[in-house]
Each structure stands twice: as C-alpha cells, then as structure tokens.
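Every chain is named by a letter (A, B, C, D, E and F) in the order it is written, and numbering of its residues begins at 1.
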Amino acid sequence: MIILYSFLSVTLLGLIFGVGLSMASKALAVRKDEKVEAVESKLPGINCGACGYAGCSGYAEAIAKEEEEDLTLCSPGGPDVALELAEIMGVEVEISNQRMVAQVFCRGNDERSKTEFVYQGVTDCNAAYLYFGGNKSCKYGCLGLDSCIKVCPVDAIIHDEDGCVWVDKELCISCGKCIDICPTGVMKLIPHEADYIVACNSKDKGAVTRKYCSVGCIGCKMCEKASPEGGYKVDNFLATIDYSMDGEREAASVKCPPKCILSLKGVTVKDEKN
Amino acid sequence: MSEKQNMLITASPQIHGPETTAKIMWLVTLSLVPAGIWGIFVFGARSILVIGVSILASVISEYVIARISKKSTILDGSAFLTGLLIGYNMPAAVPLFIPAVASVFAIVVVKWSFGGLGGNWMNPALAGRVFVFFSWTGGMTTWTMPGTVHNVADTVSHASPLGFIKAGLLDFSGALHGPVEFLSNQGYPHSGMAESIAEWFGNIGITISYTYIDGFLGNIPGCIGEVSALLLLLGGIFLLIRKIITWHIPVAYFGSFALLVWIFGGLRYNTGFFTGDPLFHILTGGMMLGVLFMATDMVTSPITGKGMIIFGVGAGLLTFMIRFYGSFPEGVSLAIILMNIFVPMINRYTQPVRFGTRGSKK
Amino acid sequence: MSKLKTFGLGGVHPHDRKSRTNGKPIEDAGIPAVAVIPMSQHLGSPADCTVEVGAKVEEGMPIGKSSGFISANIHSPVTGTVKEIGRVFLPNGTSSQAISIEVEESFSPKSSWKADKNWEELSKEELIDLVADMGIVGLGGATFPLNVKLKVPTGSTVEYLIINGVECEPYLTADHRGMLELTDKIFKGIEILYKIMEPEKVFIGIENNKPDAIKVMSQKASAMSFPTEVVPLKLRYPQGDEKQLIQAVTGREIPSGALPLAIGCIVSNVGTVYSLYEAVVLGKPLIERILTVSGGAIKEPKNLRVRIGTPISELIEKCGGFSEVPEKVVVGGPMMGFAIFDLDTPVTKGTSGILALTLKEVNSSVRTSCLNCGKCIQACPMGLNPTTLFKYIDHQDYDGAKDIGLLDCKECGSCGYTCPAHIPLIHGMKLGKLILRKNQQKQNKVKA
Amino acid sequence: MKQATIVGGKLALICALAAVSLGVANEITAPVIAELKAKQLKEALQMVVPSGEAGEETFVEDHPAVTAYYPITEGNSTTGYVIKLVGKGYAGDLVLLASFSLEGEILGSVLLDNEETPGLGKEAENPEYMKRFYIGTGGTSPVPAKKSELSQANADAVSGATITFIGIGQALSAGSEYTKKLGGAQ
Amino acid sequence: MIKDITRGFFKENPVFVVLLGLCPALGVSTKVVNSIGMGAGVIFVLLGSNIMVSMLKNFIPEKVRIPAYIVIIASFVTIVQMVMQAFMPDLYKSLGVFVPLIVVNCIILGRAEAFANKNNLFRSILDALGMGIGFTFALFLISLVREILGAGTITLFPMGSWDGIIVIPILSNAPVRVMALAAGALLVLGYLKALWNVFEARKKEPVS
Amino acid sequence: MTYIAILITFVFISNFVLTQFLGICPFIGVSKNVDSAVGMGFAVTFVMALASIATWAIQHLVLIPLKIEFLQTITFILVIAALVQLVEMVIQKISPPLYKALGIYLPLITTNCAVMGIALIAVRSDFSALESFVAGIAAGFGFLLAIILMSTIREKLDAEWIPKHLRGVPIAFITGGLMALAFMAFDKALINNLFPGL
C-alpha cells in the first residue's frame, strides 16, 4: 500500500513539475545572449583591465556587440585568445607573435646609488616622486617603493636578493600596468626572449651619472664597439639595445665599465664586487 | 653637501600635534591603575598574579607576532593595555591558564589575524574574555569576597550581586522592591565601610542602603578591576578631560541602559513599570569598566559622534536584555562585542556631512 | 564682547608661535648676488621665457610672458645679465624652467616708482589689464593670477569682497606686520578692488590673535568712503582658507566643487591687495614680497621684504643663520608648507615664510596603524573622512576615494596634524589626486 | 505541448523509479526502526521503573509539562506512574521520563532528548547525576526545583548548568503534582 | 585516470578549495566519528548519483536536468537516512538534520552537473570516490582539531571492549569548550584554510 | 506573542548561519560586498518563506495522511527546486530589474542548506502553517542579518592589511567565528524569560 502511495505521489509530483516547468520555461522564456557568454568563456578571467574595459566581462560584451573591433586587446591571453575570439566572431585578426614582458631598467640599490635627502611618507613611488622626483640623486632610476609590485595582477614583480625591483619574466603577462604606474619611466617592455638588457635609465652625462651611481650607464659607447652586431646604441648618454638585431651581445656586457649590461639568463645580476 | 643628506622631506603638515598612539595607550593604562590597585587591595595578592599573567601573555604574543611580521609594536602600549584589561576582567581566583589563553586569543586571533592594531573589528580584550568565559564558565564565575567584607564564611566562591540575583530570580515569584531589597532580605554580606558610611549619612538624615555604597566603592565580589565604580569613574573623567574618549558612548550607553532599567526593570520584581533601579545596575558588574574603557575603544567603536550614539544605545539595550532576560548575570562584555559587529554598518551610514553639500543658502 | 565669528566644521588649534616675529618690523633683505627666477610661480601654465642667455635685464623688466588663460607675467627683480636658463626644483617639489641672473654690482633698487597714469582715470578693463601686465598673483598661498580672478563672468555678481587678513598658519606674521605698517596702502588697494568689483560690502577678516591689527584696521576702515567692516574672528586653523573665511564672515557655504563667486563672494589676501596697490598706483610689478623667516632653529627670526629669486640660504644668513641643526627647513607655513632639501632654492611669488624647525617643534613620532579614533574626521573642515580616504588610496582604490570626496580635500593639514597614529594622511591625499589626474589624462588620450 | 509531455513523462519515470525503490527500502528498514524505537522506550522505562511494569501510554494534550503517562502496575494495583515530561533547558526543550509514586515522590528519572551543552547540561543524561537531586535531599518538597534547596555539594555539582537543573527540577515537580492528581484513579 | 581520483583530494578539495558543502563540514565535526560517518554517507550518495547520472545521461532531457538529478540524489540520501536510522541510531541522532541535508550538499549536485553527465561510468566512479574522500578528509581534519581542543578526546569507533574514545589527559578536564560550538567551528575552518593556502603557495613557488 | 517569539528565535537565538550552520556557503561566498549580500539575503528570505509554507502543505496534506513521511527528503527537495526555478522564471518575466538584482543568486539557492533546513526544522518543530511561514521569514531575516553584517565587515577589512594567507576566505571564516562567539549571548533562556507563558 505504502509503496503504491509513494509511487503515485512522487510520480505525480514529478509529472507536474516536469510538464509544468517545461511549459513554463517556454511561456516565460527570455533570450540569453550566448555570444557574450561564448566570448567571455574564452577570456582568461583575470579582470586585469589591460584591455581598457572594466574586467573581462566588459570586454566580452563589447566584442560580442561588435562595439569593439580590436580583438587583440587582451594581453594576458595573448595571440591564442585573440585567435579564438576571431573564430567566434568570424573575423580575421593580425597578430604579432612576439611575447613582450616588462622589466626594470635600473639596478641601483641603497649601496650603489646615492640619495639626496631622507624621505618619510607614504610608501609609494608616485608619492615619493611628488617631492623633487624622489630622494635618489638619479631622477631616472627605480625608487623601490613598490608601486608596480602592488599594481601587478599576477605578482610578477619582486624585490630580488640585491634589493632591486625585478620582473619575473615567466610570470609577466604584459598587461602594462606597472609601466603606467611607474613615475620615473624606468620600466619598459622587452621581448620575452631578450638575452641582455642595459639596466639603466639615466640620461645624465656620464660624469654626472658616475657621481651618484656605481652601476649607471655612462654613455661611453664601449658596448657599441665591443659588440657591433648586438644592436647597442648610445643616445642621450644612455645605451639601449635594438632587439631586432640578433648578433652577439656578451662581449659588451663584459666590457661595460659600470657593468650595467645584464644577462637575463641568470635572473639577477652579480654584484660588481664579486 | 653632507648637510643635505640629513634633510628630512615629508609632506605637509610639517608640524604635528601632541598626540601619539603610544601616549594614548599609556594614558589609558595610567587611568586604569587606581581601580586595579583597589582590586588588588580587596582581593589579595593573587590578583597581581592574574593581572601579571594576562599582561605577560598578551605582550609576549604581540612581540612574537610582530617579530614574524617584521614590525615593532610593543612600545605602542596597545598589547599591554589589552592584557591589563583582560586581567581586570578576571576573577581573582581564576586558574592562571585562563587569563593566559584569553590574552593569546585576544592578540593572535582577534587582533593580528586582522593585521594588528587598528585592523581588528572586535574588541580583543572582550573577545578574549568571552572566549574563556564560554569555555570555562566555572572558573570564570568563581568569585572572591573582598577582604573588606568580613561577615562571610566562604570568601572564595561567593556569588556576585548580579549572579546572586539572577539565580534567585530564576525561581522567584512574589513582589519586592528591587534588587537592593532582595539582597538585604537574603542577607547578602556587606562591608564595615558601608556600615559606617551609611551611618554617617543617616546622621545627616539620608538613608542609603549598603548595597549602593559597597557597589560604588568596590566592596563586592567581581572581576579584579571592575568593582570600584568610583575609581573607574575618576579614570573615565580623566580620559574625557584629556579628550582621549568623547562623551558620546558613555552618555548614550549609560543613558539608554538606565532608562530601560527604570522603565522595565521592575517587571522582574513584579512591581510594574517605572520602578526599576538603574543605580544598582550601573554600580554593579562590569558596567563602569565596560562602558568607560572598553566600549570606548576607538578601534572597535564607530568613528563619528552620531555613530557612537547609535552604538551606545544599542549596547545599552543589549546589556539590558542580557542582564534581565538572558542566562548570564552579566551583559556588558557580550553587549559590547555584539555591537562591535554592527560598527562597520553604523560607520557606513553615519559618514560626516561634507562641506558644501548641504544645499547651501545663498 | 559678543561671540566671535568662526567657521562650522572641523579645524584645529596648533600653537601659533607668532610671538617670535609679530613685534618685529619688516626689514629689507637686500640684494642677492644671483637671482634665480622660475617661470612657474603661479597656478596655471608656466610663463614663456622672453630673454636669452647673455641678455641684459633691468629691474622691473618683463622676462616671462603669460602663456595662457591662467598664467602670469614675470619680471626681473634685479638688474644684471642672464647667466643661464635651466631647470630648478621649486619649493613644492616640482621642477620648473628658471632664469639665473647675475646681479650687476652697481645695482641698487629703484627708490621711487611712479605709474604712467593716475589709476583713478582708468576704466575697470584697463585696471585689470594693468594687473595682468604687472604679474600680480594671489599671495595668500594659491598664487592664482589676480587678473583672472577679477574678470567676473557676466551673470555673476559680487556681493561681498572679503579681505583675508587671517594668516592662520602658525609662525607667519608677514600679513600681520603688513596690516600694521602698510595700513594706508592696503586700504588704497582695497579701494582699487572696490572700484573694479563694486561689491555691496567689504569685509576684512582678522583672527583675534592680532588685536593690534584689528584695532588699526578698524580705525582705518571706519574712515573709508565705502562700506567696510573689520570682522574679528576666533582663533582657529584653517580659518584663512577662503571657504572657511567666507563661512565665518557671511555664514555662506561654497558648494562642493564651486568657486566663491557662486555665492557672490571674492576673497583676496592683504598682501595681494598691497601688491595691487603697488602695481596700480606705483606701476611696480610683483618683484618683491614680504615673508617671515622663523622657527626654533633660526637665530634671529625676522619679517623680511624679499626680492623674488633670492636663494633661501641668503635669507637665513640675514637672520643670523641656524642656532642648531634644523630637523626640517620649510617653505611656507608649517601646516601647508613644503620641506626642502636644497637651501639654494629661490624665493618665489608664493613664498610666505621660511621656517627652520627643530625636532621638538616638528614633533614627529613613529607611525602606527590607524586607530579609527576619528580625530581626523573631527578636524577636517571639509567634512571628509580622511582615514577612509587614506585607506582607499593605500589600497589603490582611487575611484573609491574620489567618490567619498577626495577632490574636496584642500590639503589643509588639519587631519594629519591631529592624527595620533602619525599617518601621512595629506601625502596620501596628494598621491590620490595625482593618480586620479594621471588616469584622467590617460582616459582623455584614449578618447582622443 | 507534446515535448512538454515527453519531458514531464521522463521526469515522472525517474520519480516513479525512485519512489518505488524507496518504498521497497522503507519496507525493509521500517520494521527495524520501529523495533529499535520500541526497544529504546522499553529500556528507558525500565530504567525509571525499578519494580513493576509500565503499562499503556496515554497522551496528555493540554498540560505545559506533561506529554504522556504510563501507569506502573505491580500485580494488579497501580503503584505509580511514569510521566513523560518536557522542561525548558538552556538550549532547547528537555524531554524527561520520570516515575513517581502515587504520593508524588520520585522513583527514578532519565533525561532523553535534549540540546544541552556537552560537559554542562548534558551531564544530566547520566542517571547518577539525576539521582543526586531526589535521593536524600531531605528538603521540604519531594523534588528540589530551586538551587537553594540543594545541599552545598549538590549545588556545586550543578554549578555551570543551573538552568538545566532548574528546567529539570520544575518539570519534575510538575510531574509530581500531576501524579498526585491522577492518584490511584485507575 | 589517477587525476580523476586525486583531484578531489587537493586541487579541487570540496571544502578547502571549492568552498562547498560547508554546512555539514561545520555542523557535524564535533566528533571524529561523526565526520567519518558523514563522509561515508556523502561518499555513498556521490557514488550512487554519479553512477546513475552517468548512466542516464542520454535519457534525461536537458530541461529537467536539475530536478532529475535532485530526485536521484534525494533517493540515495533517503536510503542513507533509513539505513543509518535502522542500524546506527546513535550516529543518526548526532548527525541530526545534516543527513537529509546531504541532498542539498552542493558538491553532489555539482559533480553530477560538472562531471558525471559528461563522462563515462568508470571515470564518474573514480571522480565520486575522489571527491568523497576529499570531503571526508576535510571533515576529518576539522573534527580532529575541534574534538581535541573542544572536548579533549578523539572519538573513533568502539572496537571490542574499547569504547573507541581516546582521552587526552589534561585537556579533557578543562577543554576549550568554545571549539565544540559554532564559533569554534568557523575559527578552526578559517585557520585550516589559511594553512591550506600556505601549502598551496609553497607548491606554486618556482622551483628555480 | 508566539510569532514574535519565533521571529526572535530564528533571527537571533537560533540564527541559521551563526548557530545552526545552515547556509554557510552563500554566507561566505556572496558576502564580499554589501550590495550582493543584500540581494542574496532577500532572495533567500523570499524563497525560504515560500518553501516553508509549500513544504508544510506537502507534509500535512500528502505525506502524513498517506503515511509516507519517509519521502520527506525527496518531495521537499523537489518542491524547493521547482519553486526556485519557477520563481526565477516568473521574476525574469515580470520584473527584469528585480531579476537583475536577485536573479543571479536564485540558482544558488536550490543548493542552499538554509532553505531545506527551515523546511525540515519547521516540520520537526510541529509548526502550524502560519508558524511555518513566519519561521521561514524569520530564518530568512536571520540569514539576511548575518550576511549583511558579514559583508559590511568584509568591506571594512578590504581596507586593512590582512596577513597574506588569511586574506579572503580564511578571514571571512574567522570573522564569522567571532560573530558566532558574540551571538552566543542570545540563548534560549532569553525567549523563556521574555515570554514566560510559552
């Protein structure tokens, strides 16, 4: 008897709900935008804002509604995501396959570079920069107060063992936030494959630079001579590397008097002392 | 050039007012000292041990955690103060592991889990106290009769006035004129001090019952630092004058509580509305200590005057509810930490009115 | 005595420490060997330099030309040759183009100036043009070009002209001395302003820690031909700020984000009025200003009349040098002024004081976390919640800070002054505004 | 519509399957559960009825504390009652089973369902704990319902769980009164 | 394959990582034996429902997917309920309302939805086992800490003459009672989760 | 008076989240900011009120008369699931703004212990239909109160420097723990003393 009752009651309930719900869902149907969802599912979902929208969903909506035509704005996702988006949207995208990463072009820590005054205040590079461009004598270098570290969505930036601020290029997703926030302009993008960088940003004359920093580029052009194929170029008393040249760069790094050309194979620099 | 190296650059203002965190904390500590000395005087030397253990445990926890998180916060005095308050909130006969656990809980769980001084949203000392109270109710409710009261047989394990009344009222029926009469009917002990003072008042034609005098002076069983309403009041007034606390919370708290007791307090004695005895309830239990020193903890109370008033009224209401209807004789500590929960919400709705947004008159 | 007027919200009472200099008459600071004249001494865009290296300039000769709607002319304060055109750091921490002038040894300042025309014959417009020519900017702190302020847009009316003699910053006594010693000239300046603005009434707000100035000014005011009243005010910082001053004097509140004109008021500092007098009556451009050199580390604190471009170190020399190593050297008042590290920084139009503060005066202490004590809220004259603002900014939520009124903060310093935790609140506000500005610029760029 | 029927039908099918299997499971377990319950009740009754037999259950509808009673019969005469009581505890209701002599004296009692705190009120589940309050208290009333009626040692034993104690005490006195009223009526 | 079973343990531990099924994790974790019992119940229901869903995945119409799963789950829960009531009455009593609440335990529906209806029978079984064991493991950890602190005991199954309770000498006299109550449960879970985060971070650190 | 007692009981004394451990998942998951906490709170309250009355009907009109109480779990959950889905669809149709506010939380509610919990507890407490309904609303309010308080605290904590590994979920649990500690102030005695007649 009880089995019969349970059979009847539950089956009836199931029937009512099954039929009811499927009818109701038809009667009350509201169309969902599947495209937005499809696009959003392809985005990495870090909500870093590199695309310029308020989070991934914002970008997804703009793409799906065809308000945004540029499908390559998501730098964390890189070319793969752009291609997937293109597929969903049925368009072609042109992408450069080079992965870029941010890096700090300065190796001046407390020991190596001089300061002009004692700074006391908010621990933030922009706050420090408000007053006389920061307390370092060098107005181009890294202030080391972690603005970029705080802003990086993937914690790619750290203080390395020298106390210098440094980007772990494997973690960097090239969102550019650190470059935006850095007041001194000492962060720049380099190719992920870059083997050497000139880790200095000082545009002061060599003699001036030498006075305040022991690892600052003095613009002596030694690198240009030592590695002529390496793409080294000195401008404004500062050497830079043109990464489209793929010649040898090591000789310059060895010859450079202040040793500011670093190999990126080992992650950090050797101190000039040892 | 070397002169330049030493120059200090800071943002404005270039001068600073006299207050510092450490000064505030040590001044609060100072203002608590008299009440503590009284507690030690009436409850005996063991009180020193209890207070010492709480302070030590809290300062050591603070030191260890601050070391781990590479900060130095011992000298700001807040851990010392928390420890002191925990000590003050313990019965003199409490097993010593209890204050130690309370202090560690206060500092580690309630304070540093939230980032240390200023990050916590619940009063550490009270949370610590409540934690051990709920864990070891027995140890936390074993009271010592003050040494100033001589006519009792058992000085340890005597009910506090509030506890006595609560237990008595659980199965009470009939009519009585309030707690004072209840205590004297049941022969609750009083001090010689109260006798002589009451006599003195009697000579000038004022009758005053022993209970009020003992409650005011601190000749009642209770936690070490909470019994002397007089000395706590003086400490509180000192803090008010030094502008370390503001009037809002004490006035709102005492006011709302007294009002509720006056209106509804008599119902428990079957004497009807408007017959409660607020004075008795303010003078006994942890009211003075709680209202003046713990509800006013700036970290865990609302930030604007308006908010503080809401906070005080809420705490007054809850204290009333718990004291009169809950199962614990004492409601202050619970009421305060309950209101601590509401502080972020209160702050949200009591922001200051911005200049130039009030629809200025032209 | 009836109850003194004052403003509504907030405010603090720092020790005013004015007694060191408020009895000392204004002295002349003398001529520097080299004058360094920055091109950015005012609010708005920097002036365009109009001389070249090697050029010879004369006292009062224009060397910088106003470069936009909000900008001001700059004149040479000395006679000499342009040695170098480079960049210097201004006291406020920014850098600016600057002209170094090697002063001719034979140079001695002109003793008498005379305007080309009698000012009473000039029309309003001509007067405003003259003000612009002479490079007059507000000397109360904001260095807002006066001519811009005087051009009342059509549709707005000026009911009250309020002269700001409050000088609420501790230590500073330049305005105070000015009101005592230059009373007639200040009133002449007020008369000129009155002519330009035609307000219904002129108020002169003075705090009651300057009873002598209140007395002298009141006497003079009652003798004026137009309705003028000296309003004594209760001592309270930041009463000198125009928002608070207007509220104290008239009871009106400037709506958030609006200008004083929105409620029919115009505020001008006494020093500004004095330079207006000099410019209009004497034809003398703004090449000098009065300032106070004070602080516990200064041997003989003084009120000085200083040529723009004089290095600060020379002024300190003039006051006997340091009596001890100062903890900080501050340009401006202690509440809003800037600490500097290079004593060769030149005096600009906006420099109202130079303070060498001792450790005791600075009273800095270890920073702790915020106690939530609310003292900053009680102190804020703008009704803001500085601690929450700071926390938002500390957590990089700049837009959140903006929503709760970051842009209303005028960096008066009251909150930071009282904060027992010694949190650099105002530094945070400045940072927040900087980032908001940057973000705005970025957005504008994206849109463009 | 047709689709809806199919969908509903499929769901109903699953439901039916579920219901039937549950029904079967119930058939198997229900007797076990019932038996278990009866056994538990019997055990509890045995605990409070030292001698004699507990009879049929009678439900009581309109009493604040008493929910049911069972007469105790020894031979042919009713010697007392087992009363099922509900008291107010610290954290919820206390379900008690207590036996009383016809004079209202407690013979035995046991705490069944309760939500008291382990270590405090839950101690009362231990029959020895309960005994303290009615064996040899020698007070004026057969059941102590006030702490003041306890000896010092017993008072200390309930300390920390006074509310549970009073809840039990009050329920027991209600039971005692009720028994007296029932008297030897049956 | 192995991943199907270990995933539920660490990478997607239902309690510590996915943060589902929290109520039973807190509600029944006053005694170790309770959490093991609860875990067993959940494993059974998970297994049963994963098997059924995986088998019926083509039969169940999309529209009533959720109700259908729920019915399946509820049936297994009811069976657990009956069996416990009949054969483990003490356990059933101490688990209280949380036994029927297994039905709303999000893990189970979540697994049905996310795994079983997309994968074959064998993998669904492995997944159910992994998730169930992960859940049990989490409950075990929580209850271990809570029981030791809150009662000073560790209650396991009675075996022979042993009543299954390990008594921790000093603690059991004056246990930290709050740990056995609601507040303690949340605190313990909070710190365990923090500890979990620490290990997680350790693992992630570059090996270089 | 009994209805007030039920209200006080389920809001404070037997607060679902803080003392009964029901609905913890959304309590932790959806309390990051105040707006969504309020949305979730109201959605849950709404569904709980409906569910408690619907399940009362099932229990008393179907299960008890037919003596098939063992089907409680399955029928209750069916009813609740269907109810939630129906409510979702109806709201979506008739009030898109309300749907926007509540909609995203509705699917989460099916698997929220609190809803099933109130149904079971109401049945176990032998509540009448109206009492069940009041209990549903009250328990919902209790959940609402807890989640709102939690979210205001968490918003405050966003502006503090919480130790790294405690940030986010762990600190939410600890906060909940401290809240529960304070809520122990409310106990059954409060009700007994306030409404002695019950």
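Annotations for the structure displayed:
FYI, a contact is a pair of C-beta atoms (placed from the backbone, for glycine too) under 8 Å apart; a residue touches a chain by one contact, two chains touch by 3 or more.
This is a predicted model, so every value here is computed, not measured.
Shared contact partners of chain D and chain F, listed by label: A, B, E. The minimum number of touch steps linking chain A to chain D comes to 1.
Compared on C-beta pairs in contact, B-C and B-F come out with B-C as the pair having more. The chain with its Cα centroid farthest from the Cα centroid of chain C is D. Chain centres here are Cα averages; for chain A and chain C they lie 43 Å apart.
Annotation: 60 Å between the Cα-based centres of chain C and chain F.
Chain E has its Cα centroid 69 Å from the Cα centroid of chain C. In chain E, 61, 63-64, 67, 71, 74-75, 78, 82, 175, 177-178, 181, 183, 187 are the positions where the chain touches two or more neighbouring chains simultaneously.
The set of chain B residues that touch two or more partner chains comprises 4, 6-11, 109, 115, 118-119, 131, 134, 137, 327. Residue positions 7-8, 10-11, 14-15, 18-19, 22-23, 26, 30, 90, 163 of chain D each touch two or more of the other chains. Contact between chains, using the touch rule, shows up for A-B, A-C, A-D, A-E, A-F, B-C, B-D, B-E, B-F, C-F, D-E, D-F, E-F.
The touching residues of chain B, when paired with chain E in their complex, are 95, 97, 101, 109, 131, 134-137, 139.
Within the complex formed with chain F, the residues of chain E that make contact are 19-24, 26-27, 66-67, 70-71, 73-75, 77-78, 81-82, 97, 100-101, 103-106, 109-110, 178, 181-187, 189-191, 193-195, 197-198, 201. Residues 369, 388, 391-392, 394-395, 397 of chain C are the ones that touch chain F when the two sit in their complex. Interface residues of chain E, counted against chain D in their complex, comprise 30, 56, 59-61, 63-64, 67-68, 71-72, 74-75, 78-79, 82-83, 85-87, 89, 151, 175, 177, 180-181.
Put simply, chain C touches chain A in their complex at residues 89, 93, 95, 338-339, 341, 364, 394, 396, 424, 427-428, 430-431, 434-435, 438, 442, 446.
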